[in-house]
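The letters A, B, C and D name the chains in turn, as written, and every chain counts its residues from 1.
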Amino acid sequence: MTPYAVLEERARAVLPQAVFDYYAGGAGDHETLSANTRAWSAVRLRPHILRDVSRVDTATTVLGTRVAAPVLVAPTAFHRLAHPTGELATAEGTAAAGSLLVLSTRASTRIESVAAVAGPWWFQVYVLRDRALTRELVQRASAAGARALVLTGDTPYVGRKRRDRSSLAIPDEDFRVNLERLTDVSLAEQAPDVTFDDIGWLKEHSGLPVLVKGVLRADDAVRCVEAGAAGVVVSNHGGRQLDGAVASAEALPEVVQALAGRGEVLVDGGVRSGQDVMRALALGARAVLVGRPILWGLATEGATGVQRVLAELQEDTAHVMALAGASSVAEVTADLLAAPR
Amino acid sequence: MTPYAVLEERARAVLPQAVFDYYAGGAGDHETLSANTRAWSAVRLRPHILRDVSRVDTATTVLGTRVAAPVLVAPTAFHRLAHPTGELATAEGTAAAGSLLVLSTRASTRIESVAAVAGPWWFQVYVLRDRALTRELVQRASAAGARALVLTGDTPYVGRKRRDRSSLAIPDEDFRVNLERLTDVSLAEQAPDVTFDDIGWLKEHSGLPVLVKGVLRADDAVRCVEAGAAGVVVSNHGGRQLDGAVASAEALPEVVQALAGRGEVLVDGGVRSGQDVMRALALGARAVLVGRPILWGLATEGATGVQRVLAELQEDTAHVMALAGASSVAEVTADLLAAPR
Amino acid sequence: MTPYAVLEERARAVLPQAVFDYYAGGAGDHETLSANTRAWSAVRLRPHILRDVSRVDTATTVLGTRVAAPVLVAPTAFHRLAHPTGELATAEGTAAAGSLLVLSTRASTRIESVAAVAGPWWFQVYVLRDRALTRELVQRASAAGARALVLTGDTPYVGRKRRDRSSLAIPDEDFRVNLERLTDVSLAEQAPDVTFDDIGWLKEHSGLPVLVKGVLRADDAVRCVEAGAAGVVVSNHGGRQLDGAVASAEALPEVVQALAGRGEVLVDGGVRSGQDVMRALALGARAVLVGRPILWGLATEGATGVQRVLAELQEDTAHVMALAGASSVAEVTADLLAAPR
Amino acid sequence: MTPYAVLEERARAVLPQAVFDYYAGGAGDHETLSANTRAWSAVRLRPHILRDVSRVDTATTVLGTRVAAPVLVAPTAFHRLAHPTGELATAEGTAAAGSLLVLSTRASTRIESVAAVAGPWWFQVYVLRDRALTRELVQRASAAGARALVLTGDTPYVGRKRRDRSSLAIPDEDFRVNLERLTDVSLAEQAPDVTFDDIGWLKEHSGLPVLVKGVLRADDAVRCVEAGAAGVVVSNHGGRQLDGAVASAEALPEVVQALAGRGEVLVDGGVRSGQDVMRALALGARAVLVGRPILWGLATEGATGVQRVLAELQEDTAHVMALAGASSVAEVTADLLAAPR
């Protein structure tokens, strides 16, 4: 079993079935969920030998923020379902690992409380049907110290997950923790009419750079940066939105090529090892985000588990970089990639 | 399990084994039967994000008839084997869902009775060895209100199905319900000498537009419209005729390209989800036809089951269109397709 | 289960394990054995519709001899292991089916006895280490009425089959039935120094046309006809010689193209259905040879079983030709083939 | 089961689990370990027929040394774990088979003792953190009669193997047998700063030609020979270093093409049959090295087992060369290869 599979099994053992299914599941027939991991494996590597790799440095920056490794914490919902200390533990573990947290709109802990214990962090935005409430949220995030917003663009409606059939009930207090003003719960749903124009609207009201998450095509990536985005996250929402969508590893190259440096390109979806991190960088990503592994670390060991997952990924990334002859992330380029078979 | 698989299992539970096998089976080694579904899955999607999808309209027209969604009811035989109310239930459920029924020559209910409860419907034609009988059937269909004929072109002989080994006996009353005049049963078999010339013959005697079903190649599609057809249905008869034939999703693009708008192109075979509907439209089909899912709905819940299958497919189509950034069927184009891998 | 699989299981039930393994097995890891059948399945068909197929004629000629279908009986060894009546039964069943028998050098029945009951037949030649003995054999075959020789070119040594481990002992009387003069048994082994020059030598001593069996490449095919061969059999010896060799369906097109009509091209290996026969013809073969199916028919029902296998293949070929819109073998062309995926 | 699989099972039965796992395992998820064998199988062969193959000669030379077959013994560690007589048995068996031994830096027997019983042999070098110790080792090897050095270039750090989890403890006496002077055990680890410059350093101190093992790309191969290497071994260390690296059969062609004869190209990884040997030669390798099969032979039968493995591979290579129409290794060329599918 891979280290990831071991961790996942441990999380499955400690979590209520409905919670595990909620996190682990994907949309539809899981075509895209399984394609994500397969697509990374299909990227074959051509390592260099006889390089001096006595020192390997995985550090990099994302939107100017230094991180210990090109591995960030993806926004995921309701961490108190996974562990009583919820996002506080995630923030502490992330900070201890020298990584960066992307805090979800669907966090089950108050933004300001998380900010108090976090290292560098960004705020993930769902534009809600109640836009005033949305504006308030991003202003609170900005005031609390978020360094950027991550606008999720692929969720006009929530994708249908089969494994949710067990019908997980999100506790009302978790759902409302950042939405005290909310009267009509339907107004807290994602707005289905979010467009590229909202990028500017979010920048204006938050004073923060905006990344757009959920991009799977070159043209949309270009529209994002032309609308003012600082970059994009190539993502299919971990296989949880449109089942049948291309794997993120498959979409990454065309986005990198289209932006040609006009914005930073991150990627998420199925990254489970140092090899996958190296593959993403070789395909042109600046960094990856990991979601489910963090939740499994959180579920099994709280803040320590989150830190451990990130530390092990960083260490594994350093190890495989050394085996490929790369001493720094700048040396991880497309030169390491074999032609697809 | 997919919703389709759940439905199929429920139908298997309520149907006699021989009836289930008759409907579920395919020709030969099931190469084409299984290729049909695999081929849709292989069509990977590149969704657009940040589009206003607050309203998604799945409505379209087929040969000028408005339908609630680009999902029609494929012609299938002997519905009274699946449910005591047979084609009457199918017609009612189809009408309630705002869809269109293609009534089979092998219906087990009188054409006129079905017409009395149906919404818009077409009549599927097997040219029988007794051509006078065939003419009479299409004239009855025309008189009863059929809006078009669908000539099945791929069945000069019935393909061999292994699972039929249980040797389903079609009740004589079901077989003869529309063939009172029939004396020699062999004359009710499909004629093996049907050619493109019969398209004009059918138009002439029925006064109706004719679609040809069973087309798998560009040249045949062109000959159909040159012989007067209003369009074609790309189909391998659900994998029930020539085993080893290409999947319908594989044949669709060359037919669309060859006709270049000179006729409408529908498709059937293995369509099981909203994604598959969207894939067919993106590949150039105007609409899809579904066969087995309708039979499973009919078997399990009669008219309500038929309506439910169609309503769920429509709703699923709307959902995935929204996730792909398309508000109307006109916006579902080849732009959404990834290059084949 | 396919009809072939059913037949194979019945043969497995009646044959001693060592005999079944001897016939069913292949060389090495069975890579080529399994590739043979997979390669036919990979040839996808594009059927024509709306053709008059009221009459379908499978008849053709091979080297001028008329056969009821383009399906001949491949040379296989020691039929008395499969059935007490051995090659006599095979010859009778083949004649009854209107097919042509290729009698093996390793027949377990006297050539003259087989000839007495056979329809048209050819004689398969292994050039033996004792060339005088070889010459004698082909002269006896010629005198007995063989219409051609089939020189097996791919067996300088016998390929190693794992399933032979049960070490089938060929009865000495079966081995020697056509080799009365033999003193040193090693001289009855295949000669490892057979070359293209032996084609002329065989023609000269037999007065018969010579086909070369075992060709898998264009250049060798050309050398065969330049050395006087009347044609070739594209074959990897049913996966029994070089494991890892290309499937015969994969090698067929380059041979057809290279010969460009300068000789007849037959093919064997993994042909199990009418579809496979049609695929072979569409790829340019004049006819196919079947080996193991004949042995299973022989084992289970003697001459009747052989006839039944051939009749069913002929009938299945006619059926799928009709479903593809072809009324004669001349109409089965590359036009029916989809591009490889 | 293949002969290799049978042998492996016998070795599994006699070895302690931890030792078997240590030898059999690979890095990470075993992606590269399994890709190695799959990649050889994917190389399909186009045999020639009707060649005189009464005599087939598998002999060749490597760096001027004649070997009975193009199959050498790869360097592997600590043979005393596999058999009490350790490298002495390996050396004797290799010599008896007419092959060449590559003795590992991690041998568990004194270099001089092995040399006393070996036929031709090379010495595999890990440049250790203690370079003086390294120099001493290669000078001892040279003095003892090694004909070349094989510098392993792909192991700046040891790859992580999951199956090692059982944590095999290498006996200290085995680890130190050639390192009497060693005080700080960490200095016996592989140096992570080995570069192309060390090729010249090794040549200078040993007076021997140097091959570089672990090359998977054309550019690195060129740098090796430009730095003075006599050739390279295309290798991913049997899937034990960078998991996700290309299979050695996939990397081989680009290295052969890039060197264009400027150095000898050997290959290892997943070679398990005569076919694989022939495939490697057809792809341009001068010879292959085998590792695990030798260990299984050693474990099961000591020197006799090693000899048997090599003799059977030689014999199998001769057999398949005959079936492909090649009488000598010079006749095994790319002409025998089918285009990849």
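Note that contacts are C-beta pairs under 8 Å (C-beta built on N, C-alpha and C of every residue); 3 or more make two chains touch, one makes a residue touch a chain.
These numbers were taken from a predicted model, which means no experiment stands behind them.
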item: Fitted rotation between chain A and its twin chain B in degrees, CA, nearest 5; value: 90
item: Proportion of interface numbers common to chain B and chain C (over half same, under half different); value: different
item: Centre distance in Å when chain B and chain C are each reduced to the mean of their C-alpha atoms; value: 43
item: Between chain C and chain A, distance of the C-alpha-averaged centres to the nearest whole Å; value: 60
item: Where chain C touches two or more other chains, by residue; value: none
item: All pairs of touching chains, each written as two labels joined by a dash; value: A-B, A-D, B-C, C-D
item: Chain D residues touching chain C - in the complex, by the definition given at the top; value: 1-2, 41, 43-54, 273, 275, 279, 316, 319-320, 322-324, 338, 341
item: Of all residues in chain B, those that touch chain C in their complex; value: 28-29, 31, 35, 153-154, 156-157, 159-160, 162, 191-196, 198, 212, 214-217, 220, 223-224, 241-246, 250-251
